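Presented sequentially are two complexes of chain A, the first with chain B as partner and the second with chain C.
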Partner chain A sequence: MQAVFKIHRFNPEKDKKPYWAEYTLEVDAKDRVLDVLHKIKWEIDGSLSFRRSCAHGICGSDAMLINGKNRLACKVLMMDLGGNTVTVEPIRGLSVEKDLIVDMTPFFESYEAVMPFFINDDAMPAREHLQSPEDREIYDASTKCILCACCTTSCPIFWVNGSYLGPAAIVQAHRFIFDSRDKGGAARLAMLNQNTGVWRCRTAYNCTEACPRDIPITDVIGQVKRAILYSNT
Partner chain B sequence: MYKGREGQWAFFLHRLSGVAILLYLILHTVSIGSTMLGEEVYGAVHKLYELMPFRLGLIGVAGAVAYHAFNGLRIVAMDFTSWGVKYQRQLWYAALVMAALFMLLTLYANLPRLFPDIFTYKTIWGR
Partner chain C sequence: MQVHKYDVIVVGAGGSGLMAALYAKQNAQGTVAVISKLYPTRSHTGAAQGGVGAALGNVDEDHWEWHMFDTIKGGDYLTDQDAAEIFAKDVIEAVLELEHMGLPFSRLPNGKIAQRRFGGHTREFGKAPVHRACYAADRTGHMILQTLYQQSIKHGVTFYNEYVVLDLILDDDIDGKTCKGVVAYELATGEIHTFHAKSVVLASGGNGRMFKVTSNAHALTGDLTSIAYRRGIPLEDMEFYQFHPTGLYKLGVLLTEGVRGEGGILRNASGERFMERYAPTIKDLAPRDIVSRSMYFEIREGRGCGPNKDYIHLDVTHIDPKILEERLPDIMDFSRTYLRVEPTKEPVPIQPTAHYTMGGIPTTLNGEVIWGTTNEQKVRGLYAAGEVACVSLHGANRLGTNSLGDLIVFGRRAGVAAAKYANTATLEPIAENTDARATDLVSRIRNASGKESVAKIRLEMQQSMQDNASVFRTEETLSTQVEILRGLIARYQNIGISDRSEKFNTELLEAIELGFLLDNAEALVHSALNRRESRGAHAREDFNERNDTEFLKHTMCYQLEPGKTEIKWKDVVLGKYEPKPRTY
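And now, the complex of A and B:
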């Protein structure tokens, strides 16, 4: 089938402002959007720039705004888009470096801010830090995050207020706050209780809808909100 | 426009109705405050509100207040309970229905004031 790809492009070295470039090409219904982008780059216009690494939905490099929704280009089939015209834009709220490539620095600074690592200064046990399957289950969903930024850059609050840590950072914090072996929960909750933390979430649910890993993000943020709320009373 | 679902629209409408209520309250306070400048000024200002855009606007304000209130309850349920998030869509539709009902009720109660030539029944205030 024929498809028309409208891609929001911008090269700061050449262009005064972003523009829509249109490419008409033959695609297969089973092609992923990423395959089509490859075809455009390799066969039509080599200057098209986008990130991708594993191309199998695990590295989280190719988050894009496809037909108005944040998705991974490598996880969307043409036939799932329901139409032959496809718009592709860079994810919002982060500055565009070139075409579909955005500056992820603020995103990863927020990630670092929540101390996304295991904290436990107790004497090391003889073997592993044991944990019951029930305790492991509590934070199971938040272990699935691949830091693709689909959630954070779909959040209307993040678009207008870049100081908000964003859903991805909160999901990462949740993964450790609710880990029974971790001792850094109080410090993380204090960090998320600031005005850049969980209270910025206005429950628009765009993050939950956008997550390619099906993490119930708004629910996860709600759990952190209640952990702060009920630990202070 | 980002293609979000119910949650996004619930949020946008909540903001919009919040701003509408704020503007109404400012206008309301200034209008009432005009009594400090004398009866004539107060009368002149309030004569303005007899104009149709203001009369209809009042129905909109009633709808905005009702939506903001009922969606506010939805937000309370989502933030304070673990089930609120799971039923957020249903809760939103319920908030919309309640807001629409309140708006229709306000409209019905105000029909004789809005269109005195057509609707002559007495309003709930007996006027």
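And now, the complex of A and C:
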């Protein structure tokens, strides 16, 4: 079948402002959007620039706005899009470097801000820490995060206030706060209780809808809110 | 040009690179930095699924000797037995260390790390499958990558992300070679950076993109194997390339062997569990080389599935859907997303997919890169670990889960050794124009205006490698492929690109990567042509048997000039497990 791809393009070395480029090409219903972008790059215009690596939804490189929704280009098939005209834009709220490539620095700064690492200064056991399957299950969903930024850059609060740490950083904090082996929960909850933290969330559910890993992000943020309310921090 | 000075530079931010960096930082008196082509969390370690094998014995009785034996037999006795011994012992402690870093392993009811069965891992030297693979659902690699990156943040490791290494700073001395750093291209700006260092650890991963159907990420273009090869370092055992049996049909996306570890069964068109005929004892859990070949035999005999009889079915319909969703959620997702197949109700179409290179840059047990054919001929200051390296733990065929174990065991050893070397070395002067080779490469390709298309040459390479040098090989197909590659290398000199910009020039990057891939393909094919026997993943239809008299030795492939190589040999480290016929 034939598809029309409208891609939001911008090369800072040539273009005064971004523009829409249109490409018409043959595609297969089972093509990933990433396959079509590659076809454009490899057969029509080599300068089209985007990030990608694993091509099956695990590395988190190719988050983009596809038909107005944040998606991984490698996890959306043409047949999912319900039409032959497809718009592709860079994810929002981060500055565009070139075409579909955005500056991820602020995103990773927010990630690093929540102490996204295991904290436990006790003497380590000779073998593994014991953890029941039930305790392991509590934070299972948030371990799936691939840091693709689909959630954070779909959040209307993040768009208007870049100092909000954003859903992805909160998911990462949740992964440790609710891990029975971790001892850094209080410090993380205190950080997320600040005005850049969870109270910015207005439960728009955009993040949950955008997550390619099916993490119930809004619920995860809600769990952190409750943990702050019911703890002594 | 910018010049940066560090004590230790690590190239690559996957499992081995991050492990090396963490240990280099702990052991070095000076500074450590990691250079990565991708953001670290994009590295392909994150795509590993099923588990990391270690004889914890949490489910079944297990011993490191059994793991060592399985690794050697799995490698068809080309595995260096000293490497396998260190590995099987150290990986136990390394897995516990990952848990102590917070890695969220799945758990048994008693709270211990959960373990599952995997191909070629057995109890009592081959009697039956053993639960050895420590797993975190079907995203074990993802959790290893995340955990190690988290630790890197905790310990303040310095990263240069989206920098592409284009050259080694390598001096030839009277008595060998010395590495003094690397030259890299910053993707965001197009600038060339010189990283002047006392020691360098290469941990940049594999080269699967030389094949058409692969589980490998687009980024896996064998950059550092090619650069080392161009600079006079041999590539070891490159003919041993692993095809993972269960890639999604046509796409090659990996479905973990853990699916079969949890009870999944391979079936041909008539529904027969054909692995019972090829590996009567452990059946579907035979090592990957054997299963991939068996699948091809079935397809050749007309027993493949589908209208073109060109794929096999992976059947999990008999397994409790709750277990599937709990232990293999991503596998379920991939089948549904990409093939629109519901695994709980219907079998999943699969085919072998190019997955892992057993070969690579030759190293000692401490990750020291060697330039000759003995372990004494070391490149001073240069280390390698993980898939880019060949230590040789995996021999002629890697067992499932041993890649993740390799990263943490040998990544750590390389990091420690590189730091200790840096602590005693001085930062030796480098030439003024040390970046010339990289600068020339970039400017030549940026301005390339020839008629040949990078995408077209790449596709022809991938298709021809798949046809002539994948699961089965003959003198004829390999000789044909040698000529095809020579033609492609010649045409590569005449490529053209359209993007001349400095910032994020991914067209330029892809063109450079194609040059790297062609080198990798060349080393693979020349090495394969030279090895007139069948061993592990290298199956020669014209030399069906393993030939220990002539070929129980490692290939060392040197590039003389593009298209022309010289093959030397290196002894295999034998030991207590004598080579025996390999049956399962």
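Here is the rule we use: the second predicted complex is superposed on the first by the 231 of 233 C-alpha atoms of A that agree within 3 Å, B and C clash if a C-alpha of one lies under 4 Å from a C-alpha of the other, contacts with A are read in each partner's own complex, and residues count from 1 in each chain.
The rule we apply is simple: contacts are C-beta pairs under 8 Å (C-beta built on N, C-alpha and C of every residue); 3 or more make two chains touch, one makes a residue touch a chain.
Owing to the predicted nature of the structure, the values given are computational and were not obtained by experimental measurement.
In the superposed pair of complexes, A:6 makes contact with neither chain B nor chain C. When the two complexes are overlaid on their common chain A, residue A:118 makes contact with chain C while staying clear of chain B. After overlaying the two complexes on the shared chain, residue contacts for A:205 are found with chain B alone; chain C is out of touch.
Of the two partner chains placed by the overlay, only chain B lies in contact with A:226; chain C stays clear of it. When the two structures are aligned on the shared chain, A:69 is found in touch with chain B, with no touch to chain C. In the superposition on chain A, A:57 makes contact with chain C only, not with chain B.
Partner contacting the larger number of chain A residues, of chain B and chain C: C. Note: no residue of chain A belongs to the chain B contact set and to the chain C contact set alike, using the contact criterion stated above. Put simply, chain C touches chain A in their complex at residues 38-39, 41-44, 46-47, 96, 99-102, 104-113, 136-137, 139, 142-143, 146-147, 150-151, 153-154, 188, 217-219, 251, 253-254, 330, 333-334, 337-338, 340, 453-455, 497-499, 501-507. For chain A in complex with chain C, the residues that touch the partner chain are 11-14, 30, 32, 41-43, 45-47, 49-50, 52-61, 75, 77, 97-99, 101, 104, 108, 112, 116-118, 120, 124, 127-133, 135-136, 139-140, 143-144, 146-147, 175-176, 179, 181-182, 214. The part of chain A that touches chain B in the complex is made up of residues 65, 67-69, 92, 154, 156, 202-206, 208-209, 216, 218-219, 222-223, 225-226, 229. Those residues of chain B that touch chain A in the shared complex are 1-8, 10-12, 14, 75, 78-80, 82, 84-86, 88.
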